[in-house]
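As written, the chains take the letters A, B, C, D, E and F, and residue 1 is the first residue of each chain.
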Amino acid sequence: MNESSAARRKPFRRLLLTGAAGNLGRQLRGALADWADIVHATDIVPPGAAAAHEETSVVDLADREAVMHMVEGVDAIVHLGGISIDAPFDDLLEANFRGTYNLYEAARKHGVKRIVFASSNHAIGFHPVTEVLDADSPHRPDSLYGVSKCFGESLSRYYYDRFGIETVCVRIGSSFEEPKNPRMLVTYLSYRDFIELVRCSLFTNRVGHVVVYGASDNPVKWWDNTKAGFLGFRPRDSSVQFAERFPVTAPTAERDDPAQRFQGGAFVLGEPLARDR
Amino acid sequence: MNESSAARRKPFRRLLLTGAAGNLGRQLRGALADWADIVHATDIVPPGAAAAHEETSVVDLADREAVMHMVEGVDAIVHLGGISIDAPFDDLLEANFRGTYNLYEAARKHGVKRIVFASSNHAIGFHPVTEVLDADSPHRPDSLYGVSKCFGESLSRYYYDRFGIETVCVRIGSSFEEPKNPRMLVTYLSYRDFIELVRCSLFTNRVGHVVVYGASDNPVKWWDNTKAGFLGFRPRDSSVQFAERFPVTAPTAERDDPAQRFQGGAFVLGEPLARDR
Amino acid sequence: MNESSAARRKPFRRLLLTGAAGNLGRQLRGALADWADIVHATDIVPPGAAAAHEETSVVDLADREAVMHMVEGVDAIVHLGGISIDAPFDDLLEANFRGTYNLYEAARKHGVKRIVFASSNHAIGFHPVTEVLDADSPHRPDSLYGVSKCFGESLSRYYYDRFGIETVCVRIGSSFEEPKNPRMLVTYLSYRDFIELVRCSLFTNRVGHVVVYGASDNPVKWWDNTKAGFLGFRPRDSSVQFAERFPVTAPTAERDDPAQRFQGGAFVLGEPLARDR
Amino acid sequence: MNESSAARRKPFRRLLLTGAAGNLGRQLRGALADWADIVHATDIVPPGAAAAHEETSVVDLADREAVMHMVEGVDAIVHLGGISIDAPFDDLLEANFRGTYNLYEAARKHGVKRIVFASSNHAIGFHPVTEVLDADSPHRPDSLYGVSKCFGESLSRYYYDRFGIETVCVRIGSSFEEPKNPRMLVTYLSYRDFIELVRCSLFTNRVGHVVVYGASDNPVKWWDNTKAGFLGFRPRDSSVQFAERFPVTAPTAERDDPAQRFQGGAFVLGEPLARDR
Amino acid sequence: MNESSAARRKPFRRLLLTGAAGNLGRQLRGALADWADIVHATDIVPPGAAAAHEETSVVDLADREAVMHMVEGVDAIVHLGGISIDAPFDDLLEANFRGTYNLYEAARKHGVKRIVFASSNHAIGFHPVTEVLDADSPHRPDSLYGVSKCFGESLSRYYYDRFGIETVCVRIGSSFEEPKNPRMLVTYLSYRDFIELVRCSLFTNRVGHVVVYGASDNPVKWWDNTKAGFLGFRPRDSSVQFAERFPVTAPTAERDDPAQRFQGGAFVLGEPLARDR
Amino acid sequence: MNESSAARRKPFRRLLLTGAAGNLGRQLRGALADWADIVHATDIVPPGAAAAHEETSVVDLADREAVMHMVEGVDAIVHLGGISIDAPFDDLLEANFRGTYNLYEAARKHGVKRIVFASSNHAIGFHPVTEVLDADSPHRPDSLYGVSKCFGESLSRYYYDRFGIETVCVRIGSSFEEPKNPRMLVTYLSYRDFIELVRCSLFTNRVGHVVVYGASDNPVKWWDNTKAGFLGFRPRDSSVQFAERFPVTAPTAERDDPAQRFQGGAFVLGEPLARDR
């Protein structure tokens, strides 16, 4: 069997990965190799050398023409691009508002029917840590960044209701090599579980427009994915192995600090940023 | 200890199994041997040779007199009988409407206090595949067959509220040797789990009138049995072992096919059947 | 302008009214004159002389051929026909099960897109009188008659999901000249309000499949129609004017009588009827 | 007592009205005279001559400096400004996204604690007309315009949770002199009721962050304001007086037109607009 | 007709009114004359002269023997007695805890089947003023007094589930001649409406165990009585006539005062009281 | 490292354990050694000899002065004290009402910010065994003892809303060495799981005021802890190992016994106790 016939056996012909140079983009990129003949890895900074099955590009998502061109011929999109930390509103307006709009418009024009959208726990970060949320819990953004993720969820809902473009909004917790602080023992999403969640989001036959929380099977649970059970996502990892790094302490007066009271952690203490700092 | 005294130690004296010649009836029949001194296995077609602890009969459930006679002296009933595929309404009216009524009337007259009713996922098959249901989700029958199962659930509710006859309505998914298509990876109920679910339904001390979904612990979940937790049913099998038989594909335009959009699968495409085909 | 051109200005061309000889059928018949050029008034007994704009027929709803013929050319149906009291199951099976199925099948074949279905409070009569229900309250039939109304609601749901035939299920309370007992002070639906509710059900542009309770604006409320607010039904009458006919008494031991405990009143005391009485 | 001391007796010292030159701005402006010593009426086009108690300005809300200046010394804001029809995304991005952000940032910097935000029924326009919504119904924008209103609701939630700035999000129906089409019989909000709703929103001692629907007491109800009952809003007008202008018709095939199926009406048919058309 | 035969026509033979010397007791006492042959008016202080149809007594509810004696022969009880303001816990323990227990035990022993219990909005006073509650809203007492009312609701629930004694828990707002402050514009319950609510609570044939809020039809609504609609209570009065006494002001910094933030008003600022002050 | 410096590394400095001489107190006492430098073990009867890290006392919780003294300097309290079976109301009034109040008042005065309160399944024991409860299920006490636990939950809610004292209300099932009857197969909480649940309750950084059910991972589930997922409690034991001790039987007429119908078991059959038995 030659290479091209092997390639034809992959489920997708062409997948687009935005934010390919970011932390999660780098993790996901390898996995995509098994799922698509061609992976187009793009970012606003160079996403590194292209593998045999890859194309790469450097594109600013706020550049409508470039995005339109990039999406042509794509089967599905994993949209990790844009700004993933709190930032001045003007910057978010370009990268996360205009950028996401450009991507959905391009998807509409080119007939893309499935997008996995990297939303964030910061879309609901102003819910208290003593509440367990599910997919119907209302938006409570904890920052302008969180507001930009609420926008992505609203916009994608519109593209679903109006044009039938399906989106899985993954409210990602904390996806790093390992938890960096006690809060992340709750929000931790291992790379392996993240990849599995994207896999479920891409391959489930129908997803409509759905919200799913991205967390591993950690002991403490703020989020309940029962309503997204049709995605078939079952995390295999847990933060429990990292628990002992964070010495157990009695609750202190700091528990009344907003960063301790709300799910968004320190994000809830941020203030809208001036552009020039 | 002689055989008869051993037999007296079984929890039920006499169990009635309708639909004994059907696929699930044949699976269940063996298990019933451990639960009752006498198992009366009945069907509209001959249910095969009787074992030592068994009685068999050939009875049309639409025959009121015969049903009344059959139920006499019974402790509990597992009602798998009737038509279990879509069928002309006139046929359903006899087998599933009149037949189920006859059975409940006989139960009432003879003081039977527990019935396990084989309802079906087709009672809720017009819910979309992107929704997770529980016991309170409204009826959405996907066929006249499904409507007949809604009827069975309504009728048994009446017999519970009015006469105290308890019923477990088991909305059976797809109980076969193994899944036959990708949809069944979601709806699969192994024979072993089916038998366990009937066991829980018969032996739980009080069940009232309850709906429980019959599915194994499959990766994708359309149904949540939390509200029936008092039955103690825990599936031990999963369709995951069969997953690789159905090659993973990217979502295609077929995902908009109603048979892909709704939980009932191809049933939602059926039309009311003329009797003569 | 001559009479026939004036007639063409009525909103419906041809309306079918089943159960035209019954109590409510007689009330409604006059109102239909303003809504349709031709009103076909039918019943299993002769529905009385036809007015100029009317056709009448005597049809058993269980007669599929006759029903099929009757529905041809109809724009919408007000389905009051069938048995409206508790009755032997075999009778209900013909009139309310087979009859309603025949009507929906005929509607499907002839392209009728709107049916107003006379459901009943007896579909939910086993809810206690200390509970306020809405459109999502589960079925609790209080009689086999009530079960037949649950069936009509399930069947019409199927015809909506599968074939787009819209149905308003009107759970009629007690629609008589005036309340006949204290319970009817709660369930009273004046004729005028009944007619208005049918009007809303016929003329609202889209109704989907909806449940609405049929009660006037009585002081005591068991049913909340908020979820059917899109029908625009506002009762104008109240049972309050009849209240003094029923002398106020202190609660007595009779309050524990099931007929006092459940919304269905005396229906909950009924037993399945033998056919031969 | 001279005029200026009388003026001091008005409840607010300085109110800001954005969108003062628009249809609703013009209606509201007179009422504000009774509520504040000074009304600052602003718009992107000249808002007409200033009355004795008024200041006016022409400000583009996308101009951060100008907005910051304009908000100084203000007690509360009625924010009707921005684009109120569907428009190219780039235009919405300036007027409704950047503009609303600028306003909230200015409010934060200048200590304004109450904003009445003109949201829109188009934030939930993709809900079907057969559903009754309340304040917790999820966003279903029917257009990019609707998405911009979802953004305003999310952003103001953030400013409430983070900075304690209270917002009443008024999802305005159709506030015109009179209903212009049958849909507006449902969504009609008389000018008088609109003014009353703004009054309740400004004067209720505490409002937190709340969604309220802006409709008069029309016969057909898509929206239920029970959860905003603490605002004390009771509409006094109704579209019923205009009903006869729209001849009643039987439902037709057009009822399946998306503009008939969804609450947003014709908005749901729009497509994202190019800037240059 | 002589007097005794006329008396026999009243619905109750003997009603017990506790707290008869209090503000509401005095209001209610006259109305009871029409409802019962004999009204036993009791309080811990002398309840004033007895009318012809009355008996009076001075009883400490904490005195079990005395309570037991007092309840003998009673048909129903309106329990307004006990402490109705915040008070030292030890005092509440006697009057509201022990006293209410004594009353229910006496009711059980003497076969009394209906009690109207004066609960209070202070059982839910720690809900914010921006929330609308119904009968299922959880307890949020705003004071030890409020805790004593939660106790009364829990205790009466037990006596209902265990012994079938029905209780209407009336969460009384502010029932005075007229509202004394702006908060009472929301919580005002006119004497006439209070009496009507007690009437509904006594005469409704079955009430089970139910919570109902006691407020007139005031413009601002914190409480929704839909779920208690079976009581038939419709307030006829409104605080709107008193609105102008409280000059409208713009929200001020005081809105962040807990007494402004929570429904309980100034009660939420109280501290557990020492007995000796 | 010497012993005292090691001791300083324990998370709590001083923990108070009430009810230390009781069944669960004895189980827990050992575990507390690892969590606090000093454990104060108290009971109304002598709690046994003090270990090196322990203080002990004999205190009647109804003795306000003694309780006040005992709580001084405490970081957190595990409150197992009071009466834990049904008892005469007067006894409950002292031990469970006055005693719990004394404890919370002492906590308030001494700045204790976390209490683990041993509530009980008997606070909700009148829910039927065919219902699955969660933290929002309403109180249904099955006994005066259960009412006293409802009181503890209401009181602690007040201390949380008013003074910020956090409480975990643990509705303990049946925590014994092993299940003693079939009901306990459902309600069983192993000692190990009980200790783990207290650990989660003490160490979770913020808990607010929360209800959690105390049951091991038993096959039959009446209680769903999803809403308390933020505590991180995962039971490791199950009653399944004890199942075979209770021979399986068919449901009998006894299933209609209230002790079989309600979750509280035999408690629901109790009657208020006279003090002198």
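Here is the rule we use: contacts are C-beta pairs under 8 Å (C-beta built on N, C-alpha and C of every residue); 3 or more make two chains touch, one makes a residue touch a chain.
Quantities reported herein were computed from a predicted structural model and do not represent experimental measurements.
A.B. asks: Could you tell me which chains make contact with chain B and chain C both?
C.D. replies: Common contact partners of chain B and chain C, which must touch each of the two, are absent.
A.B. asks: Touching both chain C and chain F, which chains are there?
C.D. replies: B, E
A.B. asks: Sort out for me whether E-F or A-F is joined by the greater number of C-beta contact pairs.
C.D. replies: The comparison resolves to E-F.
A.B. asks: Compare the contact pairs of B-C with those of each option in E-F, B-F or C-E, and report the one where over half match by residue number.
C.D. replies: E-F
A.B. asks: List the centre-to-centre spacing of chain C and chain D in whole Å, with centres computed as mean CA coordinates.
C.D. replies: Once rounded, the distance between the two centres reads 41 Å.
A.B. asks: In whole angstrom, what separates the CA-based centres of chain D and chain F?
C.D. replies: 51
A.B. asks: For chain B, give me the residues that contact two or more of the other chains.
C.D. replies: none
A.B. asks: Counting only chain pairs that touch, give me the topology of the graph as line, ring, star, complete or other.
C.D. replies: other
A.B. asks: Could you run through all the chain pairs that touch each other?
C.D. replies: Touch list across chains, by label: A-B, A-D, A-F, B-C, B-F, C-D, C-E, D-E, E-F.
A.B. asks: What does chain B use to touch chain C in their complex?
C.D. replies: Interface residues on the chain B side: 89-90, 93, 97-98, 101, 105, 108, 126, 136, 138-144, 146-147, 150-151, 154-155, 157-158, 161-162, 268, 272.
A.B. asks: In the complex formed with chain E, which residues of chain D make contact?
C.D. replies: Within the complex, chain D touches chain E at residues 11-13, 75-76, 113-114, 164, 166, 202-208, 210, 226-232, 234.
A.B. asks: Where on chain F is chain B touching in the complex?
C.D. replies: Result: residues 128-132, 182, 186, 219-222, 224, 248-251, 255-256, 260-261 of chain F touch chain B.
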